[in-house]
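Next come two complexes, and both contain chain A; in the first it sits with chain B, in the second with chain C.
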Partner chain A sequence: MQTPATSIQQKPAWRRTLDTNGVFLLWTAFLLIFPFLVGAISGTSPTGRRGESVFQQGVMIEYLTYAMLAMSYNLIFGFTGVISFGHALFFGAGGYILGGAARALGGETGVIVGVVLAIVASTGLGLLIGIVSLRLKGVYYAMFTLAVAEMFYIFFRRNPETGSEDGFGLGSSLPELLGQRIVLFYLTVILFILMFLFIRRLMFSPTGAVLLGIRENENRAKTVGYNTLRYKLFAITLAGVLATITGMLYALLNRKVGPEMFFVNFTVNPLLHTIVGGIGTFIGPILGAVGLSWLERTIRSTVLTVGESQINIGQWWAIILGVIFVAVVLIFPYGVVGTWNRAAPHIRKWISRFLPGRNAESG
Partner chain B sequence: MTPLLEGRQLRKVFGGLIAVSDVSIAVQPGTIHSIIGPNGAGKTTLMNLISGIYKPTGGSVWYKGQEITHMPLYRRAHIGIGRSFQITNIFPNLTVIENVRLAAQALSSIPWQFWRRADSHKDFINQALSHIALVGLSDSILKPASMLPHGGKRKLELAILLAASPELLLLDEPTAGVASEQVGEIIHTIDTIRAQGDKTVIIVEHNMSLVMGVSDRITVMHSGTVLAEGAPTEIAQNKEVQSAYLGELYSDVMQPKTGEGKHDH
Partner chain C sequence: MEGIFAPERRSTLIAVLIIFVGLLGFSFLTTGADMAQLSITLLSGLLQGMLLFLVASGLSIIFGLMDVLNFAQGAFFMIGAYIGWEIQHAPNLMKAIPDPNLRFLVGIAGAVIVGAVLGAGLERGLLRPLYARPIFQLVATFGVSLIALEVVKLIWGTAPRSWTEDFTLSSGEFSLFGQFFSTYRLVVIVVGVLLIVGIAVLLKRTRIGITIRAGVEDSSMVEALGINVRLVFTGVFVLGCAVASFGGVIAAPFLGASNAMGAEFLLGAIAAVVLGGLGSYEGTAIASLMVGIAKAVVAKFSVQYLNQPVWESLTPMILMAAILLLRPSGLFGKE
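Moving on, here comes the complex of A and B:
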């Protein structure tokens, strides 16, 4: 009898690693040479404070933070089946705690204390919200988390200590090292890859299997003996910590924090990115986040010239996004990656008919 | 002998409806105990009270002499109570093997491992495979559970239940909606469980030939109360049961397969 474990053991180990991770390694290599690649193409230096390469690194950092936010959201939404509308809470908390510590203490000490404090605080926050509210089901849980996040948004918008609507800048309080774009770029790439690997590892582990079981059928998971509340608590706290890390990177990139980090946009965007890319897939959230963010940036800066008049289609971005979202949901009900995963075996079978010497169809 | 499971004066009220009214039931270890009765008699409600899905309005549930009335659902699996459902209750987008492996992993110490690969624990895979073989699903281990035909899902439900190796199995209509030619396979599975001898089973079932064939004891429910309780032969000859529930319709299938008990009369 063939088990899933025995069926893949026919090839040598290095070959299996390459088969399953080849694409991943290729993308890693692309990210690692990205600053120099852009630098070479545009003839600008990848280091320093300005120039095309440095600018594009900033764009890439932004895309990667959005991707990380979507990945962390997918952990609860796509893999555990819990819908939260309060993800921005953790994103904002990361930014403000790091910013606050940097402003109060300054330099390296400020950043280190800020990072530790943010992770500890978001763990506490995740546990607290979970313990108070996880017994609520579905929409009620979503509404509760939305209310908590909005509360923080309104508080920080009104709080003069933290600069009210404007927030506050970090520029002068950050260490010199983090002022270099390329340092922040590689920090982001490393954290991005670690987060990707960590989530993948988690989802193939016994604990990940339980999370999937909860998504599939929580009551069944309970009756076979899992304390599902505890697993959901684990998932939302972990996703919260990952979102906090992302929020800190975002604050370091912009060199400021503001109340908009708590705004519902930073919950809805990862939600849309995950749905468009593919709920409950590893690559889907990344593809959705990078794809849609790239599209937004491109469309916002596009001005169409029709005859005499110029149309700034950037103004229509929200409508365009809406159309894309509806189209994707209709055409790719499982998101781009999810639909591809379902269709790929059929497509391969269909293609193999036309390839000589391959008898995938016979037998 | 102390019963393995005991319900004392169990009562469940939904709004104004008394679904179960002061029902007491004692299930002896190693026996197969069936609960029968017409639709709306309160059989599934009683099952939900015993398994902990519902909290009783009154009364208590005892397992091995320990009160478990307020024990949470997941804890009951850990003390040896497993349950299957009338409405198929599986993990639809996971493969058949993963459905069963997940249940096998539940009572072990590994669920909180999040660094090792789940499929590196070969013992759970092997356990799952043997349970899948027992219910006859070996051909479809890598299929998503949602792709199985209805009968297959019912079998998978049994395999999930068995994977947690419970001492007490609560089966809620294991043959509900199963095509008649496949009912035999499910009866065969229950017979196999019975032959192993170390399990106690409570079955809610409509299929009379199944009930008469496998049960050691039968409780007949009617309008939320117990109408009669006894060995299959006694139940078959009980006039009250016949008139209240079974009527003429079942008179030919009511003959128990075993001859025991006939000498009493």
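Moving on, here comes the complex of A and C:
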């Protein structure tokens, strides 16, 4: 069933691009026409402030931010093999710094200054945490990051200057342009695609190869002569910056920031999304994030009617998620994508048994 | 206990001593050399340290033996507190066992048993299949702690439960330099000390302890000698969970039971375990007390001068970060 190498050569360039990137281009196109597609189906305008299309855009932005968070988490957890329990720290930092700058300066200046500040600050934060803690072994690192993130959570929950438990709203201090859902939607889609391409490019580069080498066997990578500490530092800082960008998008979507952005949920969710989707794969985290977020949304809004009584199963969501998670960890440790990659050759072989004339080739 | 007094540990011991003296001096200044205030601050610090130790000891021993960091340890503390509270306050049980002292003892037994059973289930069901994949163990215990929190929310709701059914000990008070302090809290401190010593004796002076320590060094060698290491693993895990549960139930009379206490104590315990050095039992004990006292001193200071209670909850993490900067494997950890 393998296509001989010669036939690839004979295909024209555009055809080869389509063969390798077809699925990616298809999804990109889908995301780009999404607002108009939903608008056409539901008969609502994709622009403006209300309507089905605008609402669905918001849902999609949420899914994409979760997917981006999972992708950034996968960069350290899946590709470098460093387990962090403090990813929410960067997510929250992005939100609060952007929010703080927008509130202090207002308008376009506030947002631009906020974005720059947030990226600079999260780079510094990533380097600082890395330098302090990367000498620690895996578990120490996990605990340390959990403690630091939790520290920020507690701090912002109790700090009256940032609105304590409630956080603060950004509505009035954001520029008019970002108030339009469709602008935010395309911003998110572009950043999402850029992040995907960037991570893919990175992992096919020599640096990416070293990161994978560290995941597989850090001592070996060290022996070969790589300064693994420096590469790990790079990975966690980069993942931190990507999470910060995601946090900013999330704050822009909700038009508020709150201490819950530092909460351990925003570490656990990308972790679960990555594991369920497939650790160390490119589309696994996206699949996990979108799939599980969709499931959560569906389950939370479902009310079961059993006889007379109505059962709101939304409150069971966390437990359902926990069970899914434990089942995946125990039974499908490679996640959806990883399991599929492993099983696909066998399935193809099995199917080809029933197709006449293919037997000789595939055997 | 000879491990921490070894000659190469001398500088560490001196550093620990300096930290404790520093904390004492700081609290001395904060309270304005008022003996009553000072002793109350230190006693509440000791109390917090003991409670932290009950969570941290399990964390430390389980990690030392099995290389598993049990993130669900805090959840066991919380479950212990809720079960103790429930047994003390459930109307049916109040009718069946009118004596509040007896009910409290039943509560302790109940919490310990539930903790042990859940711990055994967790080790057997979830951790055993994952020994080949340590990162997943970490993730799995983390997941379990979240599930436990949700289950507790479903059963008891999110509103904190406060302890209203007093028993003889919990209503007693004694005075120290003219300040009143609950007798029960003193008892908890004493129980904590007894547990520290008891577990130390178990680890250092009994056959089981020798097996456990040998397992820490080289579990496959112990297995080769015909000892069922897996069984020892389960036993140690159960012990750790039961002790955390016990901590929860004896803390409930003054802390009550709340959703947040699991995470709070887990974080404090993590700070203590990392400070002391992963896998070092003595280190964990010393660091728990250090974190507890530091928390109490900072709480006193921030209430008195800063009017900003947030620093108390940040203390363990700041202390941990500072020590880790100087010593990447904690005070008594192996390099």
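The definition used in the following text is that the second predicted complex is superposed on the first by the 340 of 363 C-alpha atoms of A that agree within 3 Å, B and C clash if a C-alpha of one lies under 4 Å from a C-alpha of the other, contacts with A are read in each partner's own complex, and residues count from 1 in each chain.
Convention: a contact is a pair of C-beta atoms (placed from the backbone, for glycine too) under 8 Å apart; a residue touches a chain by one contact, two chains touch by 3 or more.
Since the model is a prediction, treat every value here as computed from it, not as a measurement.
Where does A:L202 make contact in the superposed view: on chain B (first), on chain C (second), on both, or on neither?
A:L202: touches chain B, not chain C.
Contact-wise, after the overlay, does A:L136 reach chain B, chain C, both or neither (first, second, both, neither)?
second
Taking the superposition on A as described, I'd like to know which of chain B and chain C A:L271 touches: first, second, both or neither.
Touch status of A:L271: second partner only.
Have a look at where A:A318 lands relative to chain B and chain C in the superposition and call it first, second, both or neither.
second
First (chain B), second (chain C), both or neither: which does A:S172 touch?
In the superposition, A:S172 contacts neither chain B nor chain C.
Name the contact category of A:M151: first (chain B only), second (chain C only), both, or neither.
second
On chain A, which partner's contacts cover more residues, chain B's or chain C's?
C
May I ask you to decide whether A:Q310 touches chain B, chain C, both, or neither, giving the answer as first, second, both or neither?
neither
First (chain B), second (chain C), both or neither: which does A:G213 touch?
The first partner, chain B, only.
Just which bits of chain A does chain B share with chain C as contact spots?
none
Going by the contact rule set out above, which residues of chain A touch chain B in the complex?
1, 3-5, 201-202, 204-210, 212-213, 216-217, 219-228
Mind listing the chain A positions that touch chain C in their complex?
So the residues of chain A in touch with chain C come to 81, 83, 85, 132-133, 135-140, 142-144, 146-148, 150-151, 154-155, 158-159, 264, 268, 271-272, 275, 315-316, 318-319, 322-323, 325-326, 329-330, 333.
Quick check: in the complex, which residue numbers of chain C touch chain A?
63, 69, 126, 129-130, 133-136, 138-140, 142-144, 146-147, 149-151, 154, 263, 267, 270-271, 273-274, 278, 309-310, 313-314, 316-318, 320-321, 324-325, 328-329
Considering only the defined contacts, which chain B positions touch chain A in the complex?
These residues of chain B touch chain A: 51, 53, 72-74, 76-78, 82-83, 89-95, 97-98, 101-103, 105-107, 110-122, 125, 129, 138, 141-142, 160, 163-164.
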